[in-house]
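Some structures are shown below for you to check.
Each of the next two complexes has chain A plus one more chain, namely chain B in the first and chain C in the second.
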Partner chain A sequence: MRSKDRISYFYDGDVGNVYFGPNHPMKPHRLCMTHHLVLSYDLHKKMEIYRPHKAYPVELAQFHSADYVEFLQRINPDTQHLFPEEMAKFKLGEDCPVFDDMFEFCQIYAGGTIDAARRLNNQLCDIAINWAGGLHHAKKCEASGFCYINDLVLGILELLKYHARVLYIDIDVHHGDGVEEAFYFTDRVMTVSFHKYGNLFFPGSGDVKEIGEQEGKFYAINIPLKDGIDDTSFTRLFKTIISKVVETYQPGVIVLQCGADSLAGDRLGCFNLSIDGHAECVRFVKKIGLPLLVTGGGGYTKENVARCWTVETGVLLDTELPNEIPDNEYIKYFAPECSLRIPTAHIENFNSKSYLGTIKMQVLENLRCIQHAPSVQMQEVPPDYYIPDFDEDEKNPDERIDQHTQDKHIQRDDEYYEGDNDK
Partner chain B sequence: MAYDSELGNWSDVNEIKIPELYVKYGDLDGCADVNELRALFDQVLAFFLKEVCVNKKVFRPFPPKLGDGQEADLFKLFLTIRRIGSYELVSENNLWEFVARECGLKAGLVASLKLIYIKYLKELDQWLLNGGFKDGKMENLEVSVVEKLDRLSRKLGRALIDVEIIGFDERKEKNEGASGFNQVQGDDDEKFSVGDHKRCELSPKFVKKVGVSMVNDEVKRNEIVPDNVVMKVRLSVIHDDDNVVKRVDHPMIDYDDDDDDDDVNNFVSHNVNTQKRKRDEDSLELSEMLDWLANVARDPHDNAYDTSQRSKKGKNNTTDHLRKRVLSSRRALFAELNVDSGNEAYGSQKKTQRMQQPSMYEDDRVKLRCSRRTTAAKPCPLKRQQTESSNIRPDRFREILESHDQDYNLGPLFQAEVPPWTGVLSDSDPKWLGTQMWPPPNNPDRKGEEGSFVIGLGRQESCECVFPGSAECVRFHIAENRLKIKIELGTLFYKWKFNQMGEEISLAWEPEEEKRFKSLVIRARHELAHSMKSRREIMNAFWRKASVIIPDKLKQNVVSYYFNVFVIRRRSYQNRVTPRDIDSDNDEVEVGSVGDRFGYEKIHGLSLKCSENLQCTNLES
Partner chain C sequence: MVQKRQLAEEAYDVSSKHLKLENSCQLVSCLEFPSKDVPLKPCISAKGGHFPIEIPENNRQFESGIITDKPTRLVPTDDTYSCPLRFPPLKEVPVGPEYQAHIPECCGYDTNNDDKFLGSCVIPMPESYSTVSTDFAVGKGRNDCFCEDRGSLRCVRQHITEARENLRVNIGHERFSALGFDSMGDAVACEWTEEDERLFHEIVYSNPVSLGKNFWEKLEETFPSRTNQEIVSYYFNVFVLQRRAEQNRFDPINADSDDDELQVTDSSEEDDDSCRDEIQKPPGFSIKNPVFDHDDDTRFIFDDSKVWDVDYFSFPRSKADFLPTGSMIEEVFGVESWDIEVTDNE
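Take a look at the complex of A and B:
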């Protein structure tokens, strides 16, 4: 089977060597490991890899407040003690410490998601991947939960320039509160978040009753779950709800946040998903066939994050990956089994059938309100010909290549040997 | 600071309604030691249960679950019971419901809570009381555990006192803005005053009586002199000067108003009085409302409660007011029950409330991985500290009595500006689309020239090495793959920093430098665990020292070394020595390493030596 989708994958070599501080669970080094593993499986041959531009402060300020961005830009570990008021105001210092090159780090991951959105907008690819992005907690004027800049909101704002409706799906174990809050009052973005809720689990929001307000009423969907949810119940719920959402909402593009902390054995998470279960959600969303922006997110057991996102890169490329991890620099992280699949834990699933049923009914009922609310006009997605066709001659050859060249580059499944490409 | 002002707001709403709740917060979150204490408690408990299981051949599943499936917070339960006194005392005084509440649980879980206490903690409690290790059964205890136990008992005592100090201080500070509270202080005709600067001297005696607040309710209702009720609450823990806790089993304190000699009793009385006053004022409305409701229920036809006659008596204005309150309470209570939202017991969490919980950065120093995952989260804004404390029941009545007009952060400070959809495509800057790195844009045919290789292959199952699967074989294949990627990527290899990946970068480090780095890390870890310095100070000191004693390496080299060599070595050690306990993400575990440094034998022509393993003390079978 041939992969028809054009995949753009974003990576910057500088993103991994960032240190949040001792025993801080967020370790961007996982991005290095992911990229390394992706290349170990030769997945790069089937996609295009881009280095994102570093988002300019003015781009970040499209969502964030200018003073917050400005502060992020000028603060550093040596000067932070001089600004206790701002540090507190912007909620820096605890979960979100100030570290070296922090702003550059933000620029890179935000730039990745923005670029990815632009490539989708310009129809230069069908699926864009930025594992460095997906920092869904950041608020307009403050940092939260290891997130400084909300790249997802910036990406979605970019997508809104070309699409009437954007669907945001979040399978991080934490509630995607930053994105939900940013679009709480609009019907142009529907946010759907599957997350652990209860016992004051961070960030504490995401009740099923939080559904959006004003014009955005019914356009925020929360699926609160309890500890230990397994593959079967999660994927079933996910598929039911997402297919109904897509049918009802008819988005023009989907943004999928693939936080890997919903995997079993995560350092902060409490779900019991296997990598296959997690990846099944990605596969399902891909099959919908809409333009797709995939980002990373949480994930605090490094090696499992690398495994998961590698498998999901494979899924997006329609490539099944063999279980044995090829020898590579980081093989010791995957020892002793050195395999891709991780065992799920033997923990109880606290999500009873009836509980999940109640949640599902509630969500579907809210969805029906969209169909029946007379005040909400569903606007048609503009036909493709509205989108300006770029003149091939005007293009910068460094940035884009024409379809012919692309076809040549994208590896096919049925061609086993690279030598065959030469014809 | 925003931190303080937040607390201020929070206390405004929370404190006034139900003061004792504050103490509960204070005791868990305000005390820096609590998490350490919790860790210690966990250790002792684990050990104890193991012993008990072996000796008595009974099975105690861990962690224990309550009736509704949630896990019981044994530490909190233990502490609560200790503060009241003992198991018997709790049962005698029917305080189980209170204990459940204190643990943030529903009243319906009382039975299972009690059961868990009997099964898991009662014996431990007695064991600790008897001095633990002197007990004949436990002769074979390891010294370390005995020490831990000692520390635990001491800390338990200290915590009780610390908690009160903190709780009280904070409460005082926070309430400076709350007029109601100040007024209470002013009215207090006892010599004891909260605002008194002698507060600190008094504070060791602030052994707050659990149950007092509850008792106060009864007091009010039954019109009993409060002191008679207080008698029931035994003073269970007394703290003496050298910080060693003794448990004094007071007989019931026969308290008499005139008996002013007994410091403790005196204190209790003060405390009760102030408590009572506060409550009288603060929760007047609540209790009034409940009383009114009870009366109406008893005698629904009583004219006094008939709203149609409200004009007859001036007093009926209050009645009308109360009636409205009851109705709004009912609405709020039932609204919450309508949807099963996964948080039945706790009501809905409102954003405003969520962000207002103080938290201690130090908390996660002592975090245990297992407890992190299993126990409940703290209502704190910190993502990384999800676990230590137990379920704290948010103040339901606050939500009921406060009219919250807005649940969500609304306004230009929070939402993104989303322009309405016009159908016209606005400009999506085509200039920044990322720079193409792969396939190499300037040499598009390059990859076709390379040798044949199957895509998406896993590890080769067989190879032609002399000893397939040996360390050398693996090392060879890693190098082989590295070379292959290097050739394939060309300059990209460096742009993607592949040259800075893997243990190979340790070759650029002198053995002496590596040793220094390791000692630095160990030292920093030790400081993190034991000193009171802030994380930032420790880390600044760490980097300062690193730049002095490893002058040749830039900060980024050090970080890179840490992830690519240091952590991998630790992981490699875990893989081989403790395969059941692998965690490469916990920076604070001991560093073990086996074998020599990377490439050592190649450079020096030596074969891998079998060296004595100095790190591991608990080699498991």
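Take a look at the complex of A and C:
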């Protein structure tokens, strides 16, 4: 195990001062609240904080079509009525309204993920965090699900310049369709999404049978879930699948989208995860020890979003935070309890053991189809990584999962992280 | 196989939804997990209009966009299907240069090596990074205060002010500004006169979206000298925050700072508050969270005419839709009946 991880944290104060419109569930102000809470807990004393550059249109066009980027740049609320065809073509309006400073907002959150990827590529940090990013629904030529620019795809494209294989994990309650679609035909990116599926839940994709196509066949993994999944069910399934994925795919870097709408009590979500359960997934991925890019995503009860991403910043810094929220500008949002944790709901978990077992079986069966045949893709030797062990067959699911078990550290000749990073 | 739809944009009308449904039903029986060696077999669609194409051996040709116009619709022509209603259609993953990303070569370097693309450092790595020790105080929680009027408005305001100053001293004034803390919290109200604040409140409450009005546009009209960022900042840092504070005092169980139209009334008027629905909900939950009650038997009774309504097979176009009580098909036949053995719940 190497010494403590070096964390780069990206934030721009301007990102929170945009407004999607009255009653729109997406409220970027949640990012100000998160950032403030992170600093109120003094977490800045353990990491470096960067202001990202605003992504240039040419950078956004590394994935998105040029005409879409150009339209996003020039359209504004006062002129949108003059371009009904383009508005329809690019799916703007309604879910993805045109609002003031919209393009700048996109530049900031995309710039954060791109800069994060570049710092990882240059080995300037071990973990990079951009809570403003994670807008996983945006498509190449259109907006979708409150997302305009897909910063995750842009970040992954950067990582692909240095890594043969990138693993993308998505724990937002909505299917990560934009990222999956972008990389559906390649085996250089494996996308793994845990999400609610069925009952006409947005976006409607993400069935377990969506596994990729052609060269990308078996490199898209979908774990469709039902309402009310709880911590125990979710974390157990997550660890089982991610362990197998890492062991089979051997990525060089991981991108983790931490949408907080999978928490209990979310305005649009329907899961029943506590913040500790959600954060357990982040902890597990960090423990693997690969370079890691962490982003935000959904999350529509903004106090819980701030709580969740603050706890997870702590997790990434190996710092357990006390439950009592310290005084800060936004303390009233967290009153009267002023606690960092949230209660889960007394709702039924519609994910039966047999259902989850079947999904798991199908996913693991697909993973067996990925061969370790020597090829250009597999010739890059990944850095040291460690698959945290856990007992998925434990009898009592309520017992704490023991992570201090047999070490599966795998030695490689060409280590990336030998010694301290002096940069 | 996942069904591929045409590259050209389809009008989202009843006829195309109906078409999608039939083809999708025929597809479902192919949705198994073949071994890796089984080659892809393009088929001619029973509906016609699409032509089979060879799947290229070198998939990089595909990425460069050689295959464009007419992707194969992989549908067997002789499939029998017992009950189309048991298998809801899969949402297709579209294919083509308009959808997938162009994958760069893995070369280990980047032509864009400019430092400015790595972010500007606001707070550098702390000097104690190289040590594993975490002895310095990080992550302190809340301290109890000793104010005589503990919990009062004055007490809360004092502690927030103290926390702000501590943070400013902690990280330095320059970084405090660089990180945007100057424009967080009640301090933002200092930039507004009392009259402007009163007007702000009045505009928001008298122009609710539920009545077809838009308070945001009114705010922009009323304060033309203010930038949008200033208005947004005041809205969240002062207006919504104060409203949440009032909720905390008068109605903490139903506190919801995300409802843009919520008007807080004092305890004497709570019973008459028409903004609140009469729904019992668990604490901490927004009333707008749909909770699907699968135990409600009445949901299994459906109007015959609705069975063939293709709207039931349409996909949600809006993420913010507050959905109806689930797909009628799933309710009748159950999700597990698709191709998974139904077993009892735990």
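Structure notes:
The rule we apply is simple: the second predicted complex is superposed on the first by the 372 of 423 C-alpha atoms of A that agree within 3 Å, B and C clash if a C-alpha of one lies under 4 Å from a C-alpha of the other, contacts with A are read in each partner's own complex, and residues count from 1 in each chain.
Here, contacts are C-beta pairs under 8 Å (C-beta built on N, C-alpha and C of every residue); 3 or more make two chains touch, one makes a residue touch a chain.
Fair warning: this is a prediction, and the values are worked out from it, not measured in the lab.
In the three-chain model built by superposing on chain A, chain B clashes with chain C. When both complexes are overlaid on chain A, the residue A:Ile342 reaches chain C alone and has no touch with chain B. Look at A:Pro84: by the touch rule set out above, it reaches chain B but stays clear of chain C.
By the document's definition of touching, of the two partners only chain B reaches A:Leu225; chain C does not. By the touch criterion defined above, A:Leu157 lies against chain B and chain C together after alignment on the C-alpha atoms of chain A.
When the two complexes are overlaid on their common chain A, residue A:Ile325 makes contact with chain B and with chain C alike.
In the superposition on chain A, contact is made by A:Glu94 with both chain B and chain C. In the superposition on chain A, A:Lys353 makes contact with chain C only, while chain B stays out of contact range. Of the two partner chains, chain C is the only one touched by A:Glu365; chain B is not. Between chain B and chain C, the overlap after aligning on chain A sits in one stretch of 133-141, 187-195, 223-231 or 385-393, namely 385-393. Judged by the document's definition of touching, chain A residues 8, 10-11, 13-14, 16-19, 21-25, 27, 29, 32, 35-36, 39-53, 63, 65, 89, 94-95, 100, 112, 114-116, 118-119, 121-122, 124, 137, 139-141, 145-146, 153, 157-158, 160-162, 164, 174, 181-186, 188-189, 198-205, 207, 209-210, 213, 226-227, 267-270, 300-303, 314, 319-333, 335-336, 338, 348, 350, 355, 358, 362 lie at the interface with chain B and also at the interface with chain C. On the side of chain B, the complex with chain A involves touching residues 1-3, 69-70, 339-343, 346, 348-349, 351, 354, 359, 361, 364-365, 369, 372-374, 376-384, 386, 391-392, 407-410, 413-416, 418-421, 423, 425-430, 432-439, 441, 444, 447-448, 450-461, 474, 477-478, 480-482, 485, 489, 495-498, 500-504, 524-525, 528, 535-536, 538-540, 555-556, 559-560, 562-564, 568, 571-572, 575, 579, 583-588. The touching residues of chain C, counted against chain A in their complex, run 1-2, 9, 31, 33, 35-36, 40, 55, 59, 62-63, 90-91, 93-95, 98-110, 112, 116-126, 129-130, 132, 134, 136-143, 156, 159-160, 162-164, 167, 170-171, 178-181, 183-187, 209, 214-216, 228-229, 231-233, 235-237, 241-242, 244-245, 248, 252, 257-261, 282-286, 288-292, 294, 314-321, 323-324, 326-327, 330, 335-336, 340-341, 343-346.
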